[in-house]
Each structure stands twice: as C-alpha cells, then as structure tokens.
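Chain IDs A, B, C, D and E follow the sequence of writing; residue 1 opens each chain.
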Amino acid sequence: MIATSRSPLIIVVHLSVLLLVAFWTLPTAGLLISSLRDKDQLAVSGWWTALSTSSQNLTGRAASPEAQVEKDGKFVIAGNLIEGGTSKVSAFGVRPMQPTAFEVGTTADIGDGQTLTVNEDGSYEIVSPTRIEGTRGQRIFYTASVPPRFTLDNYREVLNAEGIGASFINSLTVAIPATIIPILVAAFCAYALAWMPFPGRAILIAVIVGLLVVPLQMSLIPLLKLYNGVGAFFGVPAKTYVGIWLAHMGFGLPLAVYLLRNYMAGLPREIMESARVDGASDFDIFVKIILPLSFPALASFAIFQFLWTWNDLLVAMVFLGTGNNELVLTGRLVNLLGSRGGNWEILTASAFITIIVPLIVFFSLQRYLVRGLLAGSVKGG
Amino acid sequence: MQQLLFAIFTMVGGVLACVVYFFGTNWLLDKIFPSKGLTGPQASKNLRITNAIRPWLFMAPALFALGIYLVYPVFESVRLSLHDRSGQQFVGLSNFRWMLGDSEFRQSIFNNFLWLLVVPALSTFFGLVIAALTDRIWWGNIAKTLIFMPMAISFVGAAVIWKFVYDYRSEGSEQIGILNAIVVAMGGQPEAWMTIPFWNNFFLMVILIWIQTGFAMVILSAALRGIPEETIEAAVIDGANGFQIFFKIMVPQIWGTIAVVWTTITILVLKVFDIVLAMTNGQWQTQVLANLMFDWMFRGGGDFGRGASIAVVIMILVIPIMIWNIRNATREMER
Amino acid sequence: ADLKFKPGEDAKFNWQSFEDFKKGHDLKGQTLTIFGPWRGEDETLFRAVYAYFSEATGVEVKYSSSENYEQQIVIDTQAGSPPDVAILPQPGLIADLASKGYLTPLGDETQKWLLDNYAAGQSWVDLSTFKGKDGNAALYAFPYKIDVKSLVWYVPENFEDAGYDVPKTMEDLKALTEQIVADGGTPWCIGLGSGGATGWPATDWVEDLMLRTQSPETYDKWVKNEIPFNDAAVVGAIDEFGWFAKNDKFVDGGAAAVASTDFRDSPKGLFASPPKCYLHHQASFIPSFFPEGTVVGEDADFFYMPPYASKPELGNPVLGAGTLAMITRDTPASRAFIEFLKTPIAHEVWMAQSSFLTPFKGANKEAYANGPMKKQGEILLDSTTFRFDGSDLMPGKIGAGAFWTGMIDFVGGKSAPDVAEGIQKAWDAIK
Amino acid sequence: MTGLVLKDIRKSYGAVDVIHGIDLDIKQGEFIVFVGPSGCGKSTLLRMIAGLEEITGGDMLIDGERVNDVPPSKRGIAMVFQSYALYPHMTVYDNMAFGMRIAGESKEEIDRRVRAAADILQLTTYLDRLPKALSGGQRQRVAIGRAICRNPKVFLFDEPLSNLDAALRVATRIEIAKLNEQMADTTMIYVTHDQVEAMTLADRIVVLSAGRIEQVGAPLELYERPANLFVARFIGSPAMNVIPAKITSAGAATALELTGGRTVTVDIATAASEVGKVASFGVRPEDLQISTGDDFLFAGTVSIVEALGEVTLLYIEGLVPGEPIIAKIPGILDVKRGDTIRFTADRAKLHLFNAAGQSYRGL
Amino acid sequence: MTGLVLKDIRKSYGAVDVIHGIDLDIKQGEFIVFVGPSGCGKSTLLRMIAGLEEITGGDMLIDGERVNDVPPSKRGIAMVFQSYALYPHMTVYDNMAFGMRIAGESKEEIDRRVRAAADILQLTTYLDRLPKALSGGQRQRVAIGRAICRNPKVFLFDEPLSNLDAALRVATRIEIAKLNEQMADTTMIYVTHDQVEAMTLADRIVVLSAGRIEQVGAPLELYERPANLFVARFIGSPAMNVIPAKITSAGAATALELTGGRTVTVDIATAASEVGKVASFGVRPEDLQISTGDDFLFAGTVSIVEALGEVTLLYIEGLVPGEPIIAKIPGILDVKRGDTIRFTADRAKLHLFNAAGQSYRGL
C-alpha cells in the first residue's frame, strides 16, 4: 500500500464516492422508506415527506349515530379522530370543499342545530338537540400534523403469505446449481479458449460473443418444444429442475465464457509454463493454477449469475412451471400483487425481501475480488 | 423438510454430475491414450492426440449447451423470420420488406442507436470510476454494495423505484416523484418526464445506467485489483498524480476488460426491453427493437414472422462487435 | 377438500345443481391443469370455486397463473405443453390460439346453452365464436366472470354535500361536469398510466362512448375494422372523450396529467380532502384501489354511465370485459370443467365471495355478497346490448398497441382525426 | 541541505519485524550502497525512503524536513525496482518518457534524454517494443533508463545490474558513476550484491544484516577494517577465512594459538585482560600466499582446486573441521588435489575478533 | 543415451530473428553454461529446450529422439525461470511440492525433499509464506528450490543466482555443483552473467552472441585461447584490452607494431602472408604487471584508480583514443591519477587476432 492515504486528494475521493453513492441509493432509499409506509400514504405523498412531521388534510368519520348518548337532553357523539396517534389537529371542517373552515377548539354549526367541536388532540363532540338519525357517522375533515409513521405490516404481509417458504427453497434449488454448474462449464471452456491452442479458436470466441445477443424470448418456444419432446421420449416430465438448470446455464454461458476467458488470458504466461515444466497436464493446470487464480473473475460472474437466476421469473415460469410446488420466490411475490398489480406496498416490501439473498451473495463473494493475487509470481514488465 | 431434502439432493446431484463429467472424461482420455510413465514415440503420439482432443473435451459441455440453447434458436429465428405469422407458410423476405416501411421500426432503430451510444459508455465510465475510487477508501466495500444494489433488485422493484422518481402530479398538488418535487422546490414546473418525446429516451436510459453500473463496477473492480501494484508504485515515483495514474497506468492495463464490459453492456442494450416495457411500453416514441420484437411475438397472439425478423435484425447488429472481438482475440494470441 | 360454503346449508345457493353435477361426473384420479389470469386475492377466490369441482368429480385441479400469462400461454401452446383448460381475458389472443388450432370447439350444445342462459346471449355467443384452423367458425370459449366497464364512480356524501344528483343521461353528466367546474371543483379523475399498458383506460372511455353514440353494429364493424378507424363515427367518439379528458378544467391535474397518472392511483382523488375530483370512469374492479377501509355503497358508489337522451334507440348498452375459459387439451376432466361452469353453483360460490359478475340468468342474484355487486349484476342482466371491450377484440398490435398509443397522443394534444388515421395505418400494416 | 536522515526507522509486516531501527545520516550528493544478505531488508528500506512502504516507527528526514507522511511524488526521487515494474502497456520509449511527460518537459527534451539513456544502455533498437518482447536484461535496462532519464534529488537503485552481462554491467556501472559525478548534488542509494559494484561506486557502504546496520564506512575501510566478523565475512569474495584461536599474549601485537596448534602474531593491540580468551583469527583468501620457506602461518591439504584463469582458488582442509580455508592465488597454479601447502600472509593484513565477533582493531 | 542435440535450431518472433541456427551437442550428465550479452537469446534457447517456445526451424533431439513437438512435461526437465514464475497462490512449501505432487510422490518423500531443498537454500523459516511476502532473493531461491526438488533428466537454470548475495551465491553455487556431482546422469544447462559461476560450474561454456554460437569450450580454454575477439572480450572481467596493431614480422613468434609505435613480440605463430596486415593485440588486465625496468610492453597515464581492496584497477589513457587500457594489479597500490606507468606482461599470455577478429592461435 502506498503511503498516500493522507493526501488532500483523498478527501476529494471520499466526497465524490459519497456523492455517487448518494445518487445511486437515493431511488432505492425511496423504495425502502416506501416499503415501511402505510399503503394509502404511498400514492398521496412523496416518500421523503415520510421522514418528517407533515401537515396533512385528512378525512375522518365520527362514530355512527348508534353511539350517541343522551346528555342533558342533548344527544352527544364523542370520540377521537386520531386513534393512538401523536398527531395534532390544527383545523377542521365539515364540508369537503372547506376542510379547514374552523380552528381547533371552536365549535362549528353543522346544520339541523347540530354542532361539532374538534380539539387539538383529535377528540370531537357532536351535540344535537334531537336524536341523530342515519347509520353512518358524520364525516369530519381535519388538518393534522402527522409525525413520521412506519409500519412493518407490508413485510409481515409478504412474509406470511402462504407457500413463501417453499418458494424460497425452490428459488435456492434453482439458483445454486444454476450458478455453480455454468461456472464450472464456462471456466473449462474459457481455459481452453484462452490457453489451449487449437484451430478456429478466434472464430469460436467471436461466435460466443455473438451468442450474447440472442434474445431469450426467441429461444423459449423451440426449447420448450425440445423439452417436451425429450420428456415424452423418456417418459419423464418436461419441466424439471435439471431442465431449468440447463436452461439457465445455456443462457448464462456466453457471458461467463467471455468474461472468464478475458480474465484467464491475462494471467502471466510464465506461471502456466512453469506448471507445464513441473509436469502438470492441462487438467492439473486448470484445476490447480487457473481456478484459484481466477477467483476474482469467478466470483464476479457467480454474483451475476446468481442474481439473474434468483430474480428470474420468465425462464422459471416456462421451464419449471407455475404450479404451487415449483413456483419460485419471484413468482410467488408477483402473484401476491393480485391480478392487476397495483399494490405498491407489497411490491416495495417484496423487492427488499428478494434483494437480501443476492446482497448476501455479493457481500460474501466480494472478498474474493482481491488485490495482488498475482503479486510475487513473476518479475518483469 | 422433505422439500428441503429434495432440494439439497438435487443441488448436490446436479453439481456432482458436472464435476464427474470433467474429472471422468479427463481420466478416461488419459487412460485411453496414456502418456504418464510411457516414453518414446508412443508417449508423444498419445500426447499429441490427447492435446488435440482435450480442448474439445473441456469445451464440449459449453458448446453443447450453447448449441442447444442459443445456436438452435438462432436458426429457428431465421427460419421463422421467413415465414408468416403462424410460422407455417414461407413468405420470403416480406417480413423484412414490411419492416423497412414501418415507422415504428425506424423509430426503434433510431432509439436503439441512442441507447447504444449512451448507456454502455456511461455505465462503463461510472463503473470504472466507482471501482477505482472505492478501491482506496476504507468504506469502499460498503459503497460498492450500495451501488451494486440496483443490480440485485428485482425488475418489478426497479420499476416501482423509478415510478417514485419520475412520477408526475399536476402543478399544485403534492408531487410524489422526487424529480418533480425537486423541480417544484426550485420553483419550476412539474413535468411528465415519460411523455417528453426524445428526452424521455434519456430518462429511461438513466434507469439502465443506474442498474448496469453495478455490473461494470464489479467486473472492473476485479480487473483493477489484478493490476500489478508495482507499476502503480513506479508511476507514483515518476510523479504521476491520481488522475494520471488512473488514466495512463490503470486504464490502459485493464483496457481488455473495459472492452469486455463495454461489449457486454452494448449487447445487453440491444436486448433491453423490460425497462421500456414497464415504463412506457414504447409509447411516446420510446420504442426499442427488443420491445418491438416482444410486442410482435407475444402481444395478442403474436406474429412470429415479424417478431423473428426483428430478432434477426438485432442479431445482425452485433456482427461488428463480433468482428472486433475476433481481431482482439487473434492479436492476443500472437503474444 | 375444504368447501367454503357447506353444501346444502345456505338456501341462496343452488345446491341441487351441485348434486346433479356430482352424479353425472366421476373422474377420480384424474388431474386437470388450469391456467388463468387470477393471482393474489382472485386466485384464492377461484380456488374456492374449483374446490367444488374437485369435490364433485374427484379430479385434482392444479391451477397456475403468471404475470406474463399472455406470453406464457403462447409459449406453452406453441411448444406443445399447454394446460388442460386455459382461462384468458383476451378474445384477440383466443382468436389467435383458435386459428392456430390449439383450442377444442365446445360444441353446439354449449352454444345453445349460452344463448338460452346468458343475458344478451347472442352477444356472448358471438364473442366466444372464433375461426379455427380449418377456417370454420365455432364456439371455442366459455365466458365466465364478467367485469362491467360502463360505470362511473363517485362519493355519495360529496354529491350530497354539493347538492349534485346522479345524472341519468349523458347530457346531464356533461351538465354536471360543467356545474362542478362552475362551483370551483374539478369534476373528473382520469388516469391512463399502467406501465407498459399505459393508455388502456382511455380505450374504455372511447368504447363506452362509441356504444352510446353508434349502433352496436357499427361498434362491431369498428372492432373488426370493417369501417376504418378514422371513420367519422369513431372520430366522433374519440372527440367525445376529448371533451372530458382534454379540458384542463375538467380533469384533476389538467389534461397533461391524464396520460401519466397511474390508473391505480387516480381514483384516490375522489377521497382526498378537499376532493380532487367528483367522478371517475372505471370498471367494476376499481374498488380494490380505493383507500383501505372504503365501503362501496357507502363511502363510494357508482352509477351506470348514462346513455344520451338524444339517442334513445341505442337503449342501455353495457361495455364489459371478462374471462373466457377454453379447452386447450381435450380430456374428460376439461370437458367436465366446462360442464361445471354451466352449473349455477359455479357462479354462485364466487358471487357469494365478491368481485364476480355473471350474466347467467340461472344464478341466484341473491347470492351476490353485497348490494353494489348485486347492482352491477343487475346492470349486466338489464343490458340491452352487451359489448366486449373493443380493444381486447382488436388485433393485439392495435388493441394493445396503436390504440393505446394513439390515445396517449390524443390526450397529449394530437387531434382526433390524426390519431385515428395513425391507428388505421397501423392496422393496415398488419393486414 | 543536509541530505537524508533516518532516525530509528522501523518496519514490521504484521507481527514480522523486518527493520529493527536504522539510524543513518546520508549527506547530499553522497553515493551510498546497501549490501547485506538476501532478505535482510534492503529493498524494504529503499521502499521506505521512496515512500512506498509505510514507516512503522522512527523518522525520515529529507533536507531536514520530516517526510514520513510525504507522498512519494513529493520526495523528488527516482527508483529502479528490483522487479523492474515496467508499464506493460507502454513501449520502451514511453516507459522512459513517462516521468518526463508527467513533469511536463518539452517534447524535444524528452526525446533527447530518452535517446541518450537508450544509447548508454544499448536499447536504441528496442525503443518501440513492449516490455513483454524483451529479454530479462533488456527489461532491467529499461528500468534503469527510466530512472536516469529523470532529474531527481535522490536516486534509488535496487539491484539494477543483476541481470546484465559482465561487459554491460561494467559499462552501466561506469555510466552510473559518471552520472554521480555530473550530478554532484544528487544523492544515490544503491542496493547490490556485487562486491565490485559496491566497492567501486560507493562513497560509503552500509552493511545490513537482519534489519540492522552492521557497519557503515568507506569501501576500503570496510575491507581493511571490518568492525565485526559479519562484515569481515560479508565483504570480499570468497569470504574471509576465520580460524578459532586463543590469545596467548597481549600488547601492541597479539600472539595467538590457532586450533592447529601453530602460533601466530598479529599486528593488533589488545589489552592484557584478553589473554587466555577465545578469539577468531581472520585472513582473507587473497592475502594468503604460498610459502616455500619454514616461516608459514599454517599448512593444509588441498581438497579442491578451482582455476578461474586469472586466479586459482585453493580449498584447504584440516584446519577448521568442515570448513575449508580458501586461498586465492594469482595466476594458474600447478597444484593438485591432495597436495599439502604452506601459507603465509602479511602480518598487517591479519584480523582478530573477540568471542562476540567484534574486531579488536576497533576496540 | 546421447544427451541433447541441437541441430540448426532457429527462432523468430514474427519478423524478428532471434536465434540464427544453433548446433550443439550436449552429452548426458554434462554441465553446460550459456553466456552472452543481454538479449543474445540465452533464455530463448533455454525455453526452446524446455519446450515452452516453438522451434521455428531445426531439430532438437533428446536421447536421440526428435522432441520438437514433445510437450514440456514429457521432456523430463526442471527449470528455474529468469522471472521466477512462482505460483502466487501457493506457499513456498507448496510451490516446491507442486511438481512432486503432480508426479504422485508420497507425502513423506515430498516433505523430505522440500525440507532438504529449503535447508540448502535457507528458506526453512519461509516455508509457509506466500511469494508476495518474500524478498527478491528469497523468491529466486524458491524458484531454484522448486527445480532441485524434482528429479529430472535435464536441469535448466536461467540466471538462478542473480538476486542473491555473494555468500549465498557461493553457497548455492556449491550446492548446484554438488547436485551435479551426485546426479552424474543429469544434464544441466545454466545461463549466467557471472564469470565465476560460469568458470567454476561449467564443463563447457557456450558463448552466444546475437543468436549465434561464438565458441564452445572448457572454461579455461575459453579464457586462455579465445577463438575470437568477441569471446576474448566477453570472458574475463574487466574485459581484455585490445590494441590495434600491425604485423611486422611473422613466424613462430610474431612481431607487432602497436598504435603507440612500440613493437611487441607475441608467442603466436603466423604465416608470412600476414605480414603488414592489420591485427588486434590483446592482453588481459590481470596479465599486466607494473614494470620498473625498461623492458616494458607499453606505458600510459593513469586516469582512474579503483581500489577494490584485494586488487586495484588502473585505467590507462593514451594508447587507444577513448578506450582506456585497464590493468588489474593485486593489492593496494600507491598510484595516483596522472602518474605515468609502464606495464609488462608474460609473452605467453598475449593474444593476437586478425582483422576479422579471429584468433591467430586457432588458425
């Protein structure tokens, strides 16, 4: 480590990273806060307002006339608009168009000789000279300062959903082998493409790059056809875990091979030569030298492949099925949203629930992105 | 519990099968053409044979999977692109003729070029800068995790996030989109960002950049850490400042990886459609090729012929990148 | 299986039909896979329904759904692994499946059944008849679970407060609109946003107005593009929609907000304090997006989108949508399932839960879970004309594409003839 | 202008202490050579001076100013790395020009200086090559070229010539010496394993051992008056022969009894208190001469004869078990294995160390 | 069992020809040292023998069998790389054990051999370290250890000692020599820049220059009878002094007129036809002696005095313009810059080369 850590430049570095991080996390922060908010609040106020006390126009409803009591010949309905909250009411009204017509504490005439009083603490009293008719309570419009209010209900709802645990395991069953298998397969292929001479190597590399572009949607139908055919031929179900692993492997391979080959090609030739002189076969070299030295690349790819398979819905739906026993976590969560997908609160909460596993994977694999892995191996330019 | 056992069993089985293949075939190859212990011409002949076979052994599973999962669909796409909507009747190039006359297609091509120009460059740039900056500060890993987060967030989540950014409420009512809230707070007029033609493309691109920077960062971070420390020390001694070290010493040394990241994101951009689908579905002139293809394939029953012909166009667009990569690879091998 | 309502227990259910069905079908040990659009709450409700089917026949039902169900069904049928029964809300998609030969005709008997038992039976038969692979039209689908779209939502107390009455004619509705503006309020909340499907709520408006300004036959021609999209009739309807949506004073947020406000968020304006609007045109499903605790019928209510007094000959047209069940793999179980859908009990069980409307005359209206549902059901039963959501009937590229986009452009400022011409061009392109 | 001062400099890597406290005062313009066994901390010390390695303890002063926390680029140094540390993506030319470009020198000046350096180092034909297409020695020359192209206050060389052939080595060494002469104000610190380099180049040599300074002094001083056994053995090749002895009489000259029983007198003064103590008697191989007469220092049997042309090395068994005495006799000798030979040496050139290894000369 | 045969071996990198056709016959068990200027192709040649570099032209035979296409692992070699090429992710121990593990040796055997090698190379305390925590010399020792742990037919060493200090160098050199003795059947090929190493270790030295062999021979042969000017100058340090001359009379002894005008007689036979031709007269610095009498070879002014302790180097100007004559005189001299000194030398030790640089001795 160079002893420059105290230079003034480092402050600039800290600041710019802070800025970038802020920029990158701001939207996500919004999601996080939203996921902790009350579902009705989401659509009416910005998430950042949730952090501070805000003044809001709210609508409450007085208790229904059944609750009236007769007091001194008058009929009284009393109660509190703010149940168990710490909000403070500043104004109220009885007509929707004038929600702030009256100051707190004052008494408003609401017609038919009835009066309404609302206090700062939200308590109200309707006094009527005659028995109050009807089945519904009087609407009361009031302005209240609402302190920040967060709830874990959204998470509770998502986590309590039926079958979520099974889906979690399904997702892992899909994602773990679908990460490890392609890495192994791709690493072998990448090694061959990087260090084993054979005719047509460059073309093959280019073809693999080209395959990166094949749109997933194009392959679904022919592949499912193939699966069905194979399944029918062997008398096994067409939609199996093996099937989806292979599918994820197929779709992830071009990138894996491309990334890994690039990395492996950059390893110092002398190390490989030295191993070769030591009598190591290609297989030995690959397993004992290349794999350990490629950890940074393997880890980076593992992070991404895991992430894709974990967050994938389409491939799982097509190749694993949508039944209850096969449904992956993303599928389960999307189903929670209902047919029209409008439940922002569930969306936000489930987004954070799904993000956790990939983040754990990222965090634990990040330490393999090590510096100086090759230090000390060769001398020279 | 039973499910868990099944899950573990299948996982172990799957991974084991893969390991067994590689070890097994190699063992077999060495058994059939032994060279250990042997000497003389037989050994070197066997060696030549194994050396010729082994690369293919190493690549076989990958090539097999690529062949089935990607190459075969490519041919299928080409076939479909020459057929009518149901894929039954051969129609020659008429799908392509239609395409050229379709204004939505032209719009998509134009937009795609915008995307290709902006997104890979900016994602790679930000990824690189962040990877380099976070490398040297103590909370770098935390910063990286935060910047990586968009990558990890599921797509539905990302769509909600950006809804809360770009949301538009009329003037006077409370804004729940932060962008408009800021604009309003600074005294401006709220805008319906998604509906401003041309510029809305860029608002969509921001989302992809926001996501893909994490990708670029991780890959480039791995590459940056592979740079020999001594060369940086030497540059420090040579009097280079941070910027010079970054641009003149570090960047050139990981140029290959930068190219890889750039290529990957470029290709991803060619395929991008979920952002457009979720945010505008190509309306307000934000259509892109992949979404157009998706539209034709699956919307309301689908026209496979046209969908596939758009897919073919997407695949054709990648050819320059392939050529460029062939060149790189051959140059590398001359080392 | 767990049955939500014990057979024989509640008189409002037609248990006899259940017992009869049970007698006629014994398919023990078979399974039936159903692929449908219902997820979340709807899925739970539907599970309660097919539990009776399982109970009656012994068939094990596997239901699944998907966010991308349109894509999924295309892929599954194309690849040759379809579900046994598919239930889809899009006639256009069904038409395509039928024309590619993936569906099994339901037969004349079913057709007759529909004609006899569904209100406006011919409308339903027409809706469910498609051309097969052989080019012959046949009944391929069975409508089940209908949404009524011709509804205008409002808050009765706000009306009371302001002294407004529920309009009975379109002229009244327009007058009310102007009245509200005059009173300093904003009459409408209109939101067309829906992510990738942005624009569809506007198509409902246009269709509703089509049915109120033109004959059902014209509507049908329009949907089939037998009259061009830029026909004066259509342009008129679009302009009629424009009268509401393109007037900054008439809509909350002004015309600019219409396109970008999410349809899920827009009804919330009704309940704001002070109210951001008084009226909202949307289908029967919308209460799920009302603020929590809102009681339909009390806190919020709806009225039938009124017809023009000046066009009495058009009667009471109803625009709706719904899901149609079809056999994608012909097995005894899937046949039995269609038969099951013909029993009143299959309708009543869902009616008794919530959010289900049926034109099935044989189902007991009393089974509806609440007043508003019943009221909607009556709208459906009283309709003189029922027309399915036109955009769903048009080819996907139009009904779920150009039409949406066109409407966005329209509220964004383009003129109706321009927009209509553009859509027609797109339509020409896919012919 | 006091040059470079190291005050109790220490370095540890985690728990491993590598430098144990170095005190050194280097005058401006001085040429200092660090020598010492492999792994004794020479590179580490150099890297600390350069600012590449954090200083665990102690102070480093350049021109009187504490530079512990000054970044390398501000210390005005140029360095040749033991592992070359060439920029792999730059041609030889660019490698050498990089520092000057950074410093903003004019194009002509850069070209002039690069070509001059390339000329000296015989690199002119390789200027357009990338480092990976160079041989080991060529790479090392590029590394040297990179340093001498610049104009620093302090030059740091870490074994700059180890991969060069003899002729080139001599030539480059002379270039460095010239450079040192031309740039009288420039301090040079040089790590080498080559005795000749150390002796010819150094104003002062610093002998390090396991992270400590053993002796600092002018080359000849170290050669003639090593402060202790370590230095005595380390300077000079082959190493000084050391023979266990006992002091039999003290005074201006000291008499010893060697293990073999022979008595030797050395021109070194010892105190009377030393009589009877165990000591080590040292004589350099090149100071031994073959004696034909009876007046010899000791005798032994030749076990190995190494004829190097110019000199012949004789390995003599018999005096110290397991450790042959080496004699370096000019010319090509007619000596065979097994011959018994008597050796003599100039009394003034003999060395004597006490049991702790300290030289009696210094005491 | 005929060892290693190189037949017209050639190598080019693209358009650059690096090895121009090498013919060499190495007997089994022989110790061959390659020397030559930096960049002359030593490493390349070694790498071709190892099978790491493709052979552009010619044949390579091991034990009579053409091995051009045999991969390295089948050639039965061990190699010490000039750039170490350690496995960075393995500890020192694992680095050394790797080859044996691949070969499937028993655990005990591996441990025994690794520890033995570590012991010799003073690496025992570093066995658990990774290469990056080692000093340059330690890394080099690991590289050597890795090679000597194995039991190959052919050992290839590419400058294995360049980063070691003198003492360790001598010790390791002796170990290598011992190894060579113990493994009489093992061929060793060794690249070095160190004359002493070359002279002491080699059975035969191969002098390379720019991809060609200049001379092959036993060490002393090369020293005493260099085939040409190149070898004459290359072997020996400082290099042989070469003075332009004209042959004035031929015969069993040859008389020359040097540039200075002085006439010198050399004990080398020349043909009469050579009289009047331009030639080069050579004398090694260590063969020059200071003459006090009148019978001197030549005289000159001292420009530099380098006192190395054991010897003193005198740089004499005046004879060849721009190229000082160097004299290496034993001991410490009392000579100052500017002194004029006369030198003499043994006539038998003088050298004479023709205009093409070929030695007259060999002709």
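Operating definition for what follows: contacts are C-beta pairs under 8 Å (C-beta built on N, C-alpha and C of every residue); 3 or more make two chains touch, one makes a residue touch a chain.
Chains and their UniProt names: A = Carbohydrate ABC transporter permease; B = Sugar ABC transporter permease; D, E = Sn-glycerol-3-phosphate ABC transporter ATP-binding protein UgpC.
Quick caveat: nothing in here was measured; it's all calculated off a predicted structure.
Path length between subunit A and subunit B in the chain contact graph, taken as the least number of steps between touching chains: 1. Between subunit C and subunit E, the least number of touching-chain steps is 2. Averaging Cα atoms per chain gives one point for each, and the point farthest from that of subunit A is the centre of E.
The most centrally placed chain, judged by C-alpha centroids, is B. Inter-chain contacts peak for the pair A-B, counting C-beta pairs in contact. Distance between chain centres (mean CA atoms), subunit B to subunit E: 55 Å. Spacing of subunit A relative to subunit D, judged by their CA centroids, is 64 angstrom.
Chain geometry summary: the mean Cα position of subunit A and that of subunit E are 68 Å apart.
The distance from the centre of subunit A to the centre of subunit C, each centre being the mean of the chain's C-alpha atoms, comes to 32 Å.
For subunit A, the set of residues touching two or more other chains reads 2, 4, 43-44, 217, 221-223, 281, 334, 337, 372-375, 379-380.
Shown for subunit E are the residues that touch two or more other chains, namely 71, 82-83, 133-134, 136. Residues of subunit C in contact with two or more other chains: 68, 71, 74, 262. Against subunit E, in their complex, subunit D makes its touches with residues 13, 35-39, 42-44, 82-83, 133-138, 140-141, 158-159, 162-170, 193-196, 199-200, 219-220, 223-224, 233-239, 284, 286, 306-311, 328, 330, 332. Against subunit A, in their complex, subunit E makes its touches with residues 47, 50-52, 71-73, 77-79, 81-89, 98-99, 102-103, 130-134, 136, 139, 146, 150.
Those residues of subunit E lying in contact with subunit B across their complex are 14, 65, 67, 69-71, 74.
Subunit C contributes residues 33, 35, 37-43, 62, 64-68, 71-72, 74-76, 78-81, 157-158, 161-162, 183-185, 262, 264-265, 268, 271-275, 285, 288-289, 291-292, 298 to its touches with subunit A in the complex. Residue ranges of subunit A in contact with subunit B, taken from their complex: 2, 4-5, 9-10, 13-14, 16-17, 20-21, 24-28, 30-31, 34, 42-49, 166, 169-170, 172-173, 176-177, 180-181, 184-186, 188-189, 191-193, 196-198, 201-219, 221-223, 226, 241-242, 245-247, 249-251, 253-255, 257-259, 262-263, 265-266, 269, 281-283, 286, 296-297, 299-300, 303-304, 307, 311, 330, 333-334, 337, 344, 347-348, 350-352, 354-355, 358-359, 362-363, 366, 369-375.
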